[in-house]
Structures are given as structure tokens and as C-alpha cells.
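What follows is a set of structures for review.
You will see chain A twice below: alongside chain B first, and alongside chain C after that.
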Partner chain A sequence: MTTEPKIWNTLERDYRERIEAARPYVMDGKVVEAGDAVKLLEAVIRPGDKVNIEGDNQKQADFLAQCLCEVDTEKVHDLHMVQSVLSIPAHLDVFDKGIAKKVDFSFSGPQAGRLAEYVRDGKIELGAIHTYLELYGRYFVDLTPRVALCVGVSADRNGNIYTGFNTEDTAVIAEAVKFHQGIVIVQVNELVDEVPRVDIPGDWVDFVIQAPRPFYIEPLFTRDPALITDSQILRAMMVIKGIYGEYGIQRLNHGIGFDTAAIELLLPTYGEELGLKGKICSYFVTNPHPTLIPAIESGWVKTMYCFGGEAGMADYVQARPDVFFIGPDGTMRSNRDYAQTAGHYALDMFIGGTLQIDKYGNSSTATASRIAGFGGAPNMGCDAKGRRHATPGWMKCGEEYGMHDELVGDLPRGKRLVVQLQETFREKMAPGFVDKLDAVALAENAGLDLPPVMIYSDDLTHIVTEEGIAYLHKCTSMADRMAAIRAVAGFTEVGMAEDPAETAALRERGIFKTPADLGIDVRRANRDLLAAKSVKDLVNWSGGLYNPPAKFRNW
Partner chain B sequence: MALRELNFTFTPDEPRPFPVGWSHRGVVGSGDMEVMFEQRDLGGDVQIKVCTPVVGFDEVWERVLDRFVRESQVSDAVIEINDNNATPVVVSMRMRQAMEEARKEAE
Partner chain C sequence: MSDWKELEAKSFYGASARERARGIVDEGTFTELAGPADRMSSPHLPVLGEAVEWDDGCVTGVGLIGKHPVFVISQEGRFIGGAVGEVHGAKMVGAFVLARQMYDRIKEEHPDELAERLPAVVISFETGGVRLHEANAGLLAHAEVMDQIQETKGKFPVISLIGSKVGCFGGMGFVAAATDVIVMSDLGRLGLTGPEVIEQEMGKDEFDSADRSLVYRTTGGKHKYIMRDANYLVEDTLGDFHDQLAAIMEAPYDEIVQCRRIGSEALVDEQLALAELSVEMAPKDARDVWAYFGNEDVEQIPEMTTAEFLAVAQRR
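Presenting the complex of A and B:
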């Protein structure tokens, strides 16, 4: 029997064909003129390709995204977009124009409403909504992009890329694509003779394009202290005393919420007064939040590893190399993949806010008309089962775990703290606690296999509202947990079902604590307690090194 | 939007008469409210008047205020609330703050 010899390098052959088709547009080394970018994309992208447009929190391949919207749909169509973020209009315009048809992604904040509309109208076939690590993992399994449109600060003619301190996803995308014979195109703000630092080696990059304008960046992690409310300050006091202090939380993540900004600004005042300096909050994995400046300057923070940068924080970060992760070139490098991994395994606690918590303790940021995605919260907001090192907070939470004996027997095991900060009612009286999550209706409307739940009840250990703290992990049954949730749910529909006798019993068992139980004087919950009351105060704390974006300069 | 007036009277189980002549807390900013307490002999009762633009939450108001009275046992006062869309969270907090301030002042 004779058989055709099997061809083992079809990917490489395909790659060479595409590179050949792009040859007319390559000027010098790997440089392509911005004016030829659309033609380049038409030459190297084929119908049905998986394509990634790099979209981080802090830097967007916005010029290349725009160019992709301008390709000839006769040549390029039916693309499968595989990318972490859908945040700029161009990310959805490619579907509107019939260039792309399917998407697998993680987060869609600003485009969430439009995404839901397109899914409903059949303009987008939705693969799945992932957590970041999950999507990066799939880049190396069944969602490897054929072509990646990436972004950096500068490049040399050989394609060596400097990402600046917003490295974020560039490394993981370029590696997945290039090591599967795919094509990597990078837009940069400037072409230089020598990059300050090689973040992506030139042989992983096929083409570089100097974009006509610097990449888009949004100060996503900047919270103006002037907007922090008294109820946020009350919750922050409860968290510092009843959770951080109680468990000796040394390793943690803070997200973008005003609640955690309030905690950051209370460390040098209320935290100091409680004698907690050095005992809590020594190691952060987070973006460089301007509201952390007073705590850093007061000597609270030993190290801070970053997912990405933050607008206006570059000079400050560079001037604090003991705290941040700074390269030999003197600037920070970030990496969302490593920060998420740290969030999963190296931190004692996740803390964050959400839109809705149901009566069982499941939470979601999805509403019936918005497909918002998750971002990083579920990776950090879960009890990573692969963890094997002990820290005091993790051990204490494990010792208190009410279901431990049922599930593990008499062996010791720690437990990650997963804390949700929730206002019982948000603006316009939208309840923070509900009988059933809107995510369930969304899953039905959008034909999803799974309602998009951000944090599942069995991972959640604590809920903090202005009513007090529910120590849910101490519960020994679902009935207990539901009663504890009713106790913190205030005057929402869920909270109205509270039975005062049941709540009193939970207080006896230390499962529910009010501010008074925690020894917190609610009169003090006001803005006088903030270490900085305005963006101007933050600039002063930084010794002038923090350079806030124009929209935060109101003086 | 037109303001509505809601009136409530509560009788705490173990009345603790309001300890000072007058107390005030908060501002009528958006999402906030002001509350004024005035000492008056009501034979162990407490009267609360709420001026609010919000419609459809009368029962929530009653429960928030009832719980405040149960927890504080405040009596013999006229309480006036000028609301501008404060959430129950803010209402409870402003009430507790004003009450604790007054009791501190009386010590």
C-alpha cells in the first residue's frame, strides 16, 4: 500500500505565502508605513482566521483595530475574534461591517450594551465569556490566533518592541501566535534606533507600524478621593478592623472600586490608629492606584506587582524601585498573566464590589441587557484549589470553615478569603441583593450555556455592607448562609425576609457582626478620616511625582 | 418633582428621651438628606416627618425608621427628614450619626 507522505509544516507554508503577499508593503527591515496598514491586513489575513486585537486595560491597538474595520470584505470576512477586551467602538464595528462573525473574550465594559444587542440580532456568534487566565490558556490550546494586532510604545527597524510600563498582554499573545507560525503585527508610538528595553524580541514580530497618533489609554484605575462617600468609609472601617486586622491579611489585590479606594486612604489614618501597620497590607498585586500613594509614602507597602500601569503614575512608580518591579532600564514592566497567577495562588484575599448578589451568595455584574464579562475578578475571587503554602490569614479562614469536617475530615487545610463589598442599594434604588440574578435572564436572552456568574457562592467567604459583616464561611449549611445574607441585605427584598431572632443567633455565633459588635463608632465614618481628600492631595503626597490626567485636574 | 410628606409615630419599648434640645446632621445634596431632631415631651413616643421626592418606597421608609427607633429606643422627639433620593443606607447612617452625636454631647 502506498500513501502520500504526510506534510507536517502546513502552518509554516501558509505563513510563508502570507509573508510573501505582504512583501510589497515592507519598507525597511520590518517597517510598514501607516498608509499601507489596511493593504497589509488584506494581504496577511484570510477569511475565517482567528484574529486577536490586543486590548488591555491600559493600552489599545486602536490604530490597527481601525484599519481592520477598513479592509475589503470581499477579501477578509468571517473572522473569529479572540481577544481579552472589547472596549473601543472598532472592536464591535468589525462585526457590524461583516468582517468578523464570532468572538471569544473576557471583558467588555463600555461596549457591553452594544454587544448584547449584536448577539440578540445575530450579528455576533458568542463563543464564551472567559476569565483572563482561562482565555490565555486557550491561546495555547484551541484558540490560538493566526494573526495578532499588538501595541507597544516603541520599536526598532528589526521589530524589537518596548511596551513601556503597560506590558500587560503583549508577551502572552506574541508568544502564542509566533510559536504556532502565526503573524504578529505591532503598532507603536515611535520608531527608534534602539529600544530602551526589549520586551518582545524582534524575531517574534513580523511587521511594525508607527501609528499616526499614540495608542489610546484610559485612566481606568484613578478614583478621585473627593467622590468617596461616608457609607464607603464606614464599610472601609469595618473591612480594616473586622477582616484585614482579624485575619492579618498581608497579601492582597485591590480592584478599581471606590470602596477599596476608601480602604487605601484609611490605612495611614484609621489603620495606623488600630496599630495594624506592618501587620496587614504589606504586599499588593494591583494596578498602581493613585489612591495607594499615601499608604506607600507612609511605609505600609513592601512590594506591589502590577497587572498594567496607570496614566500619570510612571514617574512616581520609577522613583520607588523597592516597591514596584522595575527593569534594568529603570522603568516598570507589568504582566497581566503573572499578576493573575499571583492573584490565584499567592494572595490571601480577594476583595471587590459587584452589581448583584443573590440569596445564596452568587454574584454577577451582568444585567439582562449588558454582556459585561468578568475580567480578572473570578480568577482572584475564588479559592484556588491548587494552593499548598500556608499563611496565617489563609490558615485561620480554613480553621473557621464550617463545612471543613464534612469535606476534608480532620486534616488541616487553609481557605482563601473572598470578600464582597456591597451597598444594599445603589443609585436609583437599584437593589444590591436579589432573589435571582439578572445573569440568568441574560443567559436565556443571549443563548448562553451558562449564566455569567462572577463569583460563586461556594467561593465567597465574607460580605460587607453598611449593616455589618457576614462571615459566611463559618456557616455549616446553606440555610445558615442564606440567613447570614438576609442579615446583611438591609432593606432589599432579600433583607426584608430577615428574621430578627435568627439574626441574633448568628451574632451569638460570630457569623454576623454589626459595626457596634466590631467596636466601630459610626459617627467617625466621614471624610475627615481620609488621608487624601482630593487628587491635589495625592499629588502632594507623591512630592509632585504623580502627574494626573487633565480630567482629574480641577485646581 | 413634587415633594411628598410622610408622617410616622413610633412607641419604643424602653424609651430613652432625646437628650439634647436640638441636633442636625447631613445636607440635602443629591443622594443625601438632612435630619433634624428636636426634643419634645410626647409621653414616650417619637414623631417622624419625611419630605421626599421618592414614590413607591413608603414601606421601606417605615421599616428603616422603625428599626432605627428599635435600635436607639429614642423617644420624646420630633424628627424631620428632608430627603433628596438618599438610599436606605444613607438614611440609616445619618440617623445613627445624629443620634450618637446627641448622646455624646449630653454625656
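Presenting the complex of A and C:
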């Protein structure tokens, strides 16, 4: 029997061909001139390739994204984009121009409306909406990019990359691509003789390009204390006393938003007054929020691991090496995947805001005309079923779990707290509680297999609104749960269906607590309680180390 | 700490209109007139399905500084950005009318003590100008307030306080410019066309309204103090604004009105010369102007505390 000998290195052969095609544009070592970037992309990308443009909710490989929009569609077309965010206009322009046709992603933020429109018009074939961990997991299974367009701060001529404190996803992308014979191109702000620290080794990188302008970075996690409202302060007081204090929450994540910023700024004042210092909030996995500076300076925070950096916080972070994770070079390195893993397994609580919560307790940030995606929230906003270590808060929540005996019998098991902060009415009087999530209509409009739900009801343990706290995990049935949601839903249609007798019974059982039940004087819920009332106050707390970006400088 | 001391220590920037009204006159002297209990609210907003406030976003009343009756107008930025509608404007006018009546009465009853009992109108601005929901009435209100300011000339001072969150923009920027004295904090902002509107009309390259540092360099208290659009720059507390008002009211009327920016041929010439200068030097940034007027280390000016700034500032 004669058969052709099986070829086992087609990927490697293909890789060599592509590198050969790129040779005319390589100057010195691995350096390609910015002016040749479009030609380089045309040389190394083939029709139908899976391509990643690096970007997250902060830093963007914006120059390379722009270059990809300028390639000749005769040479490059039908790409399958596999990337964490669709955030800048170029990310969707590639579909508009017919360069790409399919996408698998995590988060779309500002492009959510346009994405929904393109999906409806058939310009984009939507694979799936993932969490970050889920998408990067698939990089090592069935969604490995053939070409990655990455971003760093500086590079040397051999392709060693320094990412600064915004390392974020660069390492995982480069590793997945390079170890499957793919091509890694990195745009950097500057070429140097020697990088301060090697974040991505040069042999994982094929080409480096000095971009004509520094990469775009969004100060996404900065909240101006001057804009925090009394209602947010009231909810923050309830959270600190009725949840953090009640469960002794030591390990937690804070997401983006004014609600959690209010909590951070109340720790050194209201938290101190309640005697909770050292008993709560010692370990954070979060971005370096400027509003955490007063709590850090007051000695509340032992350690803080970060998903990414935050514009203006580099000097402050560097000057607090006991708190942050600082390398031998003296600067912080962040890693979104490690932070997400910690968020899933090592934290006792997730807290965040949402757009809509339905009458069962499912919540979503999708609306009928916007495909917003998830980012990382679902990985942290769920009970980690694989967790096997005990902490007091986790154990207490498990002991209180009303469905425990039904599901587990008499063995002890803990439960992570998943808390949603919600205003009963949001901007433009949009109700925070609804009969049916807009996500359901979106799934129908966009032909999705699954309505994009951020946090499912069975993971949600607490809802906090200006009405009080619903301790949902204590409920023993869905009927109980729905009554508890009605109790916190205020004057929304869901809340108007409340039965006062039923709510009174829930208060008896400690499933619903009003501010008065928690011993909180509502009159004290005002801005005088904030440890910092302005961005300038934050700068002063930091001893001048925090250097806020221009858009936050009220002076 | 007593309630009064707490109020005086409060940030002017973050204070509500009512707190400002109480805190800028002497302790316990403020009486609100046409307050929320009188329920004077906009007749136009309900027609548009918008919520009303029972004071229409404008607190008016009278208090004392020393023996001076001070008629206070205080705008609330948390209600439609402090925008001026029909009732809001009518309340402003009402305060002027009462101040004039008070002036006439003091002149008649205490002719010897007119100087030490001289009334004043104080406006704590927090507004973007006309309320677009009732634009005609709002514009008319602006004209009426301007008219009222003219009626006070030669009689008693009108003093502007600017240091609240929304700043003082739009038509009310003109109104502030027409008053006798302007007191600001470094957090205060004063201008005509607001930053967002400039960006919308002229593009982001001309003016990036999200660049708050740029916004403050162009409209903020320190810049306005250097340009002498603001006469006094004070720290951001109700007490500091109160003390500055008291100091102004100590001075004789003729001296107070030296602070004016417009109102005489000489002042108009001065403003025109400034306009010419701006064409000539074509500044790229407020920092160029600061340097032109003799300020050193202009990069550091935004970073300075008010006290540090006042110690070194070179003014036009």
C-alpha cells in the first residue's frame, strides 16, 4: 500500500511562507516602519484567517486596527475576528469595508448599537458573546488566532516588549498565537535599546512597529467624587453595614461605577466609625481605582491585584509596593486572566451595578437595540462551584442558603455573595426592575441562541436599592424570592405589585431589611460623609502621587 | 462643632442653593421669600411632562451682613442645570424690586446712616442660562434682570458669587459681567458659550469639552482673576465667600463700583483693546496669556492652592 507521507507541520510551512512574504518590509531586527504597516498586514494575513486586534476596556492597538481597515480587500477578506472587545470605530469599520465577516467577542461598550445594526443587516455573522476567560479559553481550543495585532509601551529591535502596568491581555494572546505557529505583530509607543522589563519575550514576537502616536487608553475606572449622589451614599452605607460588616467580607472585587466609588470613599469615615477596619475589605482584586486611595492611605487595604492599570495611577501604585504587585523593575504588572481567575475562585464577594433586573432576579445590561456583551462580570458574579476553601463570609452565606438542604443535604458548603446595586429608576426614568429583560427581545432581534444574561438569578444573593436590602439567598422558594424582589423594587411596575403583608413577613425572617432595620439614619446619607469630595481631594490624599488625566482635572 | 460653623466650613462648590443662601449672610439672619411652601413652580414644564420644583430652582430671600440688608438670589444647579425659566427669572426680578424699595425706605428713614445700612443684591450663580423648555420666557427674564441691574446704578451694589458645580454660562454669563463685583473660587467657571456647545459648533480640535483641565484654564476662577473678569478669588467655603462679601460691603459705594468691567467709555475701550490684543498675539492656550501678563511657571498655576496662587499671580 502506497500513501503520501502525512505532513505534520502544515502550520509551520504556512507560517514560513507568510514571513517570507513580509521580508521586504523588515528593516532592522524585527522592526517595520509605520508607513509599511498596511503592506505588512496584506503580506501576512490570508482570506478567512482568524485575527485578533488587541484591546480591552482600556488600552487599544488602535494604530494596527486602523491599518487593517486600509488593506486591499482583494488580498484580505472574510476574516473571522476573535477579540475581547469591539470598542473603537475601526473594530466595526473592518466589517463595513468587507475585510471581516464574522466575530467572536466579549464586550462591545460604545459600539454596542452599531454592532446590533450590523448583525441585523447581515454585515456581521455573530459567533458568540463570551466572558473574557471563556474567550481566552477558546483561544487554546477552537478559536486560536492566526495573526494577532498587539500593543505595548516599548520594544527593542529583537521584539522584546514592555507593556508597562497595562499588561492586561497581551501575554495570553501572544502565547496562544505563537505556540500555534501564528504571527504576532506589536505596535509600541517607542523603540528602545533595552526595555525596562521583558513582558513578552522577543521570540514570541514577529514584528514591531513604532506607531505614529501613543496607543489610545481610556481612564475607564476613574469616578469623580464630586458627582456622587446622596442616594448612592445611602446605598453604600447599607452595603457596608448590612453586607460587608454582617458577613465580614475580606476578599472582594469592585467594578466600575459610582455606587462602588461611594463605598470606597465611605470606608475611612463610616466604616471606621462602625469599627470595621481590619475586619472587612483587606484584599481587593480590581483595577487601581483612584477612589480607593483614601482607604489605602488609611491602612484598610492589605493587597490589591489588578486586571489592568488606570491612567494617572502609575506613580501612586509604584510607591505602594506592599499593596500592589510590583516587579523587580519597580513597576506594576497586571494580568486580566489571573485577576479573573482570582475573581472566580479566591474572592468572597462580587458587587456591581446593572441596567435591568427581572422579577425572578436575572439581570442584564443589554437593551433591545444594543449588543453590549459581558466583559468579566459573569465570571465573578457567580458562585464558583469548584471552590473548595473556606472563609467566614463564604461559610455564613452558605449556612443561610435557603435551598441548601434541598440541593446538598446536610453537608456544609459555602456560597459566594453576589450583590447587585440598583436604583429603582435609572436615568430618564428607566425602571431598574422589569417584568421581562430587554435581553430577550435582543436575542430575538439579533438571532442569538441565548439571551445575554449578565447574572442569573440562582447566583444572585443580594439586591440593594434605596428601599433596602433583599437577602435573596435566604429564600426557600422562587415565590419567596419574587416577593423579596418586589419589596426592594420601589415604584416600578414590579414593585407596585408588592403585598405589604408579605413584605412584613419577609422583614420578620430577615430576608428584607430597610435602612431603619439596619440602624441607619437616612439623614446622614449625604456628601459630608465622603472621605474625598473631589478629584483634587484624591490627589491630596495621595500626597501628589496621583496624576489625574486632563478630563478629570477640575483646575 | 455648631451647625453654623459646620455650614460656614462647607464647600461652596458642593453646597445646595439654600445652604449657600443661608451661609453667605450673617448667622441666622436669612429669611426665604417666595420659598417652596409658596409653590411657585413653572407652568410650562408640566405641559412637557417634566418634573417641577416648588422653588423653580431659585432660592430668594433677605439676610443681613452687619447692618446691610442683603437680598439673595441663589440658583440650584441640580434642577435642570440651574437654567432660568419664567418663574425663576421673576423671582430674581422680585429680589431686585424689594432691594430698591428697601433702599428708598432707608434713604427716607435713616438718611444719616445710608452708607452703613446700604442694601445689596447678591447673586449666587449656578446656571447655563436660558431654560430651553421655556426659552422665550427665559430670554425675557434675562432682559428683565439686566434692566434691573441698570436700575441699581448709583444706588447700591450688585455682587456675583461664582463657585458652584455648573458654573455661570450662557446669558447669565452676560448678567454676571454686568454686575458691580464678581467673587469666584478656583472651582468657579464663568463664560458665555459653554464648553460643550463650543465643541459641538467648532469641533473637538478647536475645544475638547471633555478636557476638564482645558475647560478650567479657559473659564476657571484663576484665569478669570488674572484677566480681572473676577475681582476677588477666595477659598471654596461658604465662610470665605461670606467674609469676602462682608469686606466688600465695608467699602463705600463709590469704591465698590471701581470693580466694574463695563459701564463707561473708558471701560469699553479697555475691553476693545483686549479683543485687539487677542487677535494680535493669537494665544494657543490660556497659559500663553498668563505668561504675557508676567506670570512665571505657568504650567504650575493650575496646581497651586488658592493662597499660593494669590501670592504670585500677576494680573492684567
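In the analysis below, the second predicted complex is superposed on the first by the 555 of 555 C-alpha atoms of A that agree within 3 Å, B and C clash if a C-alpha of one lies under 4 Å from a C-alpha of the other, contacts with A are read in each partner's own complex, and residues count from 1 in each chain.
In this text, a contact is a pair of C-beta atoms (placed from the backbone, for glycine too) under 8 Å apart; a residue touches a chain by one contact, two chains touch by 3 or more.
Because the structure is a prediction, the values reported are computed rather than measured.
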Superposed partners chain B and chain C on chain A - clash or fit: clash
Among the partners chain B and chain C, which is in contact with a greater number of residues of chain A? B
Mind working out whether A:A34 is in touch with chain B, chain C, both or neither, as first, second, both or neither? neither
Output check: A:M496 vs chain B and chain C. Expected answer is one of first, second, both, neither. What do you get? first
Looking at the overlay, does A:I326 come into contact with chain B only (first), chain C only (second), both, or neither? neither
According to the stated criteria, A:R527 is in contact with first (chain B), second (chain C), both, or neither; which is it? second
First, second, both or neither for A:A21, with chain B first and chain C second: neither
Mind working out whether A:A226 is in touch with chain B, chain C, both or neither, as first, second, both or neither? second
So, does A:R426 touch the first partner chain B, the second partner chain C, both, or neither? first
Chain C has the stretches 44-52, 98-106, 206-214 or 296-304; which one runs into chain B? 44-52
Which chain A residues come up in both lists, the one for chain B and the one for chain C? none
Chain B-touching residues of chain A, taken from the complex the two chains share: 229-231, 234, 423-427, 429, 465-466, 490-491, 496, 521-523, 525-526
State the interface residues of chain B toward chain A in the complex, per the touch definition above. 31, 54, 57, 60, 63-64, 87-90, 92-93, 96-97, 100-101, 104
Can you tell me which positions in chain A touch chain C when the two form their complex? 226, 527-528, 533-534, 550-555
Chain C residues touching chain A in their complex are 10-11, 13-14, 165, 186-187, 210-214, 216, 220, 222, 302-303
